[in-house]
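I'd like to ask you about the structure that follows.
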Amino acid sequence: GNDDSTTDAGAGDGDSITVSLIYDIGGRGDQSFNDSAYAGALRAEEELGITFTEASPNDDGSNRAELLQLGADASDLVVAVGFLFEGDVAAVGAENPDTSFGVIDSVMLDFSQDPPVPYGENIAGTGFREEQGSFLVGAAAALKSESGKIGFIGGVSGVGGLIERFEAGYIAGAKAVNPDIEILSEYVTAAPDFDGFNAPDRGKEIGLAMYEDGADVVYHAAGGTGAGLFEAAKDHSDMANRVWAIGVDSDQYLTADPAVQEFILTSMLKRVDVAVYTFIKAVVDGTFTGGPTTYDLAIDGVGYSTSGGFIDDIVPQLEEFKAQIIAGDIVVPTVPE
Amino acid sequence: MNGTTRRVVLAVAAPVAALAFAIGLSSIVLLISGSNPLDAYGDMLKHASKLETQVDILNRATPLYLSGVAAAIGFRMNLFNIGVEGQYLFAFIVAAYVGGQVSLPAALHVTVIISVAMIVGGAYSGLAGALKVTRGVNEVISTIMLNAIAISGIVAWLITEWQAGGEISATGGRVGTEPIAGSGLLPDINSWLELVTRDIRQGKELTAVLLVAVAVGLLYHVLLNRTVFGFDLRASGMNPTAARAGGISPKRMIVASMVLSGAVAGLVGLPELMDTGFFPSNPIKGLGFAGIAVALLGRNHPAGIALGALIFAFLDISSGILQVTGAASREIVQIMQGVIILAAVVAYEVVRRIRERDEAASAAAALAVGAT
Amino acid sequence: MAPAIELIGITKRFPGVIANDDVNLRVEEGEIHAICGENGAGKSTLMKILYGMQAADEGTMKIRGEEVSFSSPSEAIERGIGMVHQHFMLADQLTVLENVIIGAEPVKSGGRIDFENARAHLREVGDAYGLTIDPDDLVERLEVGERQRVEIIKVLYRGAKILILDEPTAVLVPQEVDELFRNMRDLRADGATILFIDHKLDEVLEIADTITVLRQGHTVATVKPDEVSAGDLAELMVGSELPTPQTTRSTVTDEVGLEVRDLTVLDDDERPVVEHVSVTVHRGEIVGIAGVEGNGQTELTDAIMGTRDAASGHIVLLGHDITTTSVRHRRQQGLGYVPQDRHREGLLLAAPLWENVALGHQTEPPYAHGPWLDRAGSKARTEEVREEFDVRTPNIDVAAHALSGGNQQKLIIGRELVANPSVLIAAHPTRGIDVGAQAAVWDAIRAARAAGMATLLISADLDELIGLSDTIVVMLRGSLVATLDPTDVTPRDLGAYMTGASLEEAS
Amino acid sequence: MITFTRLAQLPAWARWMLYAAAGIFVLTVVQGFDDTERLTTTSSSQAMLRWAVPIMLAGLGGLYSERAGIVNIGLEGMMVLGTWFGAWGAINYGPWWGLAIGALGGSFGGLLHAVATVSFGVDHIISGVAINVLAPGITRFLSSEILTGYDGGSITQSPRVPGVGRFTLPFFAGGNVGSWESPDLLGWVTKKDWFFLSDVTSLTRGLVAQISFATIIALAFVPLTAWVIWKTRFGLRLRICGEHPQSGESQGIDIYRYKYIAVTISGALAGLGGAIIVSPELSGIYQEGQTNGRGFIGLAALIFGNWRPGGIMAGSMLFGYPFGLGLRDLGGAGSHSLLLVNTIALALVLVWAVSRGRRVDAVLAGILGALAALWYFLSDTVPNWWINILPFVIVLVVLVFFSQRLRMPAADGQIYRRGET
């Protein structure tokens, strides 16, 4: 997709593949989604010898399409981090058939066709089975809970059922362990108000309320809001009984401040890094094709973390569940019951 | 002669001074952060010289302009419609929904969508106007409250009510209201621009809402400066008590200007609607607040607002190229926007004072001549 | 002994105006020294310089022989100078005590105001001066005369020995003026030196020990009151004979222009401020309304114009009941209005002159064509107004704020009269404008009267009222208490009616 | 009628206590219907405090500024500066310095506003808007330059922000005296579950148990501000700037100086509010966009509070209570009960309006009250979005009824220039 512009140096150099990594709003440093994508690119740089550039859209996301085009001008592969890029990648991808596009968190299928088809041969998507990973941390929560009450905090409801998927898996996992378990569930905001992904103060308040109501493990799928949940866990543990929080997307134990680390039971892992790496490897190997790749438990595209060693004792049970899910013995719901 | 020159100099002095100040300060900031300002500006300008980028800039400027005009209509009445944000999102979703429900011939379909957007925006903004004249509620506060109520409340509720296809499957697809049929969408106006340029590549589409924005700007100008209604509105803004004594009902003007402001605000979501064809769960936000800044920069003048919108759009667009070339961190763009506004309002005020003093001096001179 | 004040060669320039041009002034210790001059002669500017509020461009000031230069009023206050401004400098929402002590607050540790101490000191000063106001009252509750006393107390509270009073009598009725003059004499007896600005020559001659006259920023003379007559003074001030409003042959017709019947108007707190007022103005007649400010005149004019609702009663314009119609309708029916405050109600200061002339008539030709503004028509009409009413301006595109007060007023009068109203409501049409402009305004009103205009004139200038009116009615506490014939009433009589004194005598 | 006049004769503190007691009584009764205790739990009043404090500080900031005649819509931007500087200060120099540096950062915004409005005579709202645009730009830039260099920091967020300690009142809430744990009187009564009494103690306990020193400082600003404004020379001079600056000028007061000081204090208080938002009391981290309009809401509290410190506190609580409650109200029962509380409040407004002969108010109150009641009886819970906007609705409704009774400083928002009298 190059024209008269001069920014195409390096593209198609044969051995040196260039990649544009375009983040979700906020960019690198969120200790979660975007950082995980970065880690994938970094690994590719080390292992595959590619070079990559990074960019983030403006705060209102108004220039996503332009960033994609700039990326296409400059590189062989554009990786867009987040489902919000879907429409723009479909459009820009069609205009730049020589550049490959990979989108994290969207299957990139045109649902207006029946059956849905990929937007293009150069446009690949990913489908994370977050409900499967959430199932496992739900099971962990239920196994660790002494009160028989656990909680879930979702960032923003109504974003096409995305966060609801985390909730559904979590509930199913917890119920699989303890059918009588009580689950408190709250969303911080509803679309189009996306503050819910960025409201640690509200996260803390909700977390405190859940702990005070007797929940002793709370899982969040709320991005930056999760920092508040960790604070709540610390606060409550300092003042009353010890409680747990569960992180999301990346292994939040590793990135959290030491002061709250000890309250992070586990994290639901969403291997964005793997997905990014896989996209890049496909381009390097020349095997890139359009359409979705499903990242599920079977290929360790989702999972749970064990850092801190707090769940070492229940890993066998979790692995059992994992096996059942992979085998199809357990079908994890995607919509909360 | 001298007087004319002076007047011309004064007219351009404020924006030029503001821009120079903003560039100067930004350069310092860039230097501090270890970037070469010349490289950064060079990259920005080179990028902006490309036709495709210009299309991007125009597309970005269009909603900014509409939002700026919406704010300006209030400003001319000394009303601060901080609620453009809520008004356009509310109007956006209703227009998208209605547009997706009906099937009509093209021209009519588009008209219906635009009308619905203006009516919803106008009504919601008019509510703040009505509260002001009947209950004395300060419009700054009421529009701030109404913003929150619209975004976190009304639209959040409607989004679930009007979600296309009910529950969304776990594997995705874009989510939002029912897509509008082709008859309801304005085609791009690339061919218009291509009359004077080469072909636009990279699939960039110049939004037809640009024409709507131009029309709104012209209407705004004519309405305000050429009609009795506009006179009444400006008079109420300058001096409500004098306007009242002059037979103008200030309450009516307050409600009218809030409604008008809201009606224009209702159009702010139009470019995105015409592009995507539905109301997405994550529409572009912040245009309402940006519009206030643009209106301030443009001195509430239709051409000035256009210039302000283009400057802001240019800066917004530049954030991408700066990241790609690595010439500077993209935050510089935001800093520049903030500094330009503050510098512009100060510069305008200084120039206004100089001009006022000039006028007083010339009036006093006329007095002296008349006396002798 | 050195004079209390000596100003030598004071010059002060504003853009386009020389407010003071080489002014010399010498005020002896313990005298009442009046400063006279037309509007804009530079009196207030000179006083502000003396008080440190403005800095002179040139010249020297000496206080009791010692050369001083003030950069702020606080330095003047330290020297024992106090000033009461032309416009009251009181905060409505603060108490009398707070208003008085501000800037000279006695404090305890930690910056706490020592209210006890302040109150005691205020009582001391107040007792000596005869102040009977509760120091904890909010100023907004005070009447005009009381406010002025608070202003003077404010100065005395600081122990000022040199008092500057800028047009203190402008807002007072004759009886209040007497009271003020008594106080001034007392203060002089206690050793105070008083600088006093006044336009009203009889007052000046009555109270002053010495008089200095300013004209266009120059000192033209310093005289003793027993050496000059009012006529002499006037000539010094304006360089010519002082014009006075003249009653001319009656032009009153039988045709009723405006009839107000049993009108009652309520204020914002729903209290009646105009009660059962009835008044009729015939075409060709000028009916003057006398009254101390705040007795319902404003509300009456507001109700007639339609900017305030009538609670009961009727307003009839040329036989049509307009009680409930809009301001615009009334204006279109031929009602003209010269508001009392030109900046607040009369002008769009930031707009060009031609838009100001259109204001109030903007729906009608030549200012408009249907819904469209007629810019050319408006400008042409504005040029007419400028010619006919001698509005001094470089062009009609300058903003209204660039004009001097007198020219702004001429513009307003012109705009109203050029529309040939059948009825004109004129509130203080010559307030605060200079003698030349005053005469022009009077002429214009008289001419329109002769052409059959009915005029309701409200004025605080009793000479103007007596000179222009065919009939005078007196308004007191919202009611009309007397109807008088201007040919056999003096300002002093009017003052008695206005304050209710004559009513008490009568009963 | 008679009771109204009697009430007015009580000293202010007694009247407020009475209002508070009446309010709690209503809450107590109402929550019985919904079988929830959420409305009167200790944690609810703690949450109220947490959410009210930053708003209150912004409002108090606005008070200084507007009492000195400068409208300050830039509070939001100053608060944004406070969040960043508060976090940066706390991370580098400890929590106490965090508060101080946050205030300093906000005061920088205030100073900028003062320069524009006081020295250059720029329209106050315009300058405020400009500051609101500029502040996020500055913080974003600072983040990119500084926070990205920190472990766990990024362009939009900081590492964890440490906080100052907490305090529990001995004897009443069981705070420690030395190392001895004193009795918890309020807690004891609360546990008894006595009608009304236990609800009062429960809510009161939330105000004295486990409250952060930062909150105590913030609350102390209310009486302090009242004292400064009403009792000191500085306060009097500040007020003259907002009521009649020319009068102050003619008494030798340097109006510019007081305006500068006032607007700078204003920024400092808003900044302190921002610093408290990033402190672990609320967040424990700096994240972009965290103020979430609290500066604007502080402005609303200022207006609601009629430009008085006590009123601002009440206004902030009025906002903080439903907001905090809404977040904590997991089942939604509490928020549902609030509908009934709203109905009762509107019924009281109706009574008031009728007794004053204010027909329009009465009709409005009647309609709104009936709607709230209808909703209450036709539903079991309220939707999430309603809970999110309830505080805004409450403020709006309150302003609808009481805006006309408010009185802002006479010269507020006017541009003052020296020597122009």
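Labels A, B, C and D are assigned to the chains in the order they are written; within every chain, residues are numbered from 1.
Criterion: contacts are C-beta pairs under 8 Å (C-beta built on N, C-alpha and C of every residue); 3 or more make two chains touch, one makes a residue touch a chain.
Worth saying up front: this structure is predicted, and the values here are computed from it rather than measured.
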| query | Among all the other chains, which ones are in touch with both subunit A and subunit C? | reply | B, D
| Between subunit B and subunit D, what is the separation of their C-alpha centroids in Å? | 32
| Centre-to-centre distance between subunit D and subunit C (centres being mean Cα positions), rounded to whole Å | 45
| task | Round to the nearest whole Å and give the separation of the Cα centres of subunit A and subunit B. | result | 35
| subunit B, residues touching no fewer than two other chains | 152, 156-157
| For subunit A, residues contacting two or more additional chains | 56, 157, 189-190, 193
| query | Which parts of subunit D, given as residue numbers and ranges, touch two or more other chains? | reply | 155, 385, 388
| message | How do the chains pair up in terms of touching? List each pair. | response | A-B, A-D, B-C, B-D, C-D
| List of subunit C residues in touch with subunit D within their complex | 48, 51-54, 72-77, 83, 85, 87, 89-94, 98-99, 101-105, 107, 110-113, 154
| task | Enumerate the contact residues on subunit D facing subunit A in the complex. | result | 43, 47, 50-51, 147-148, 152-157, 159-160, 162, 210, 277, 280, 282-285, 287-290, 292, 324, 327-330, 384-385, 388
| Where on subunit B is subunit A touching in the complex? | 50, 52-53, 56, 60, 89, 151-152, 155-157, 159-160, 163, 167-175, 201-203, 276, 280-287, 316-317, 319-321, 323-324, 326, 330
| List of subunit A residues in touch with subunit D within their complex | 26-31, 56, 157, 184, 186-187, 189-190, 193, 195, 198-202, 204-206, 208-210, 212-213, 224, 227-228, 230-231, 235, 239, 255-257, 259-260
| Touching residues (chain side subunit C, partner subunit B) in the complex | 15-17, 305, 307, 326-332, 337, 339, 344-351, 355, 358-360, 362-363, 368, 371-373, 375, 390, 392-394, 398-399, 401-404, 407
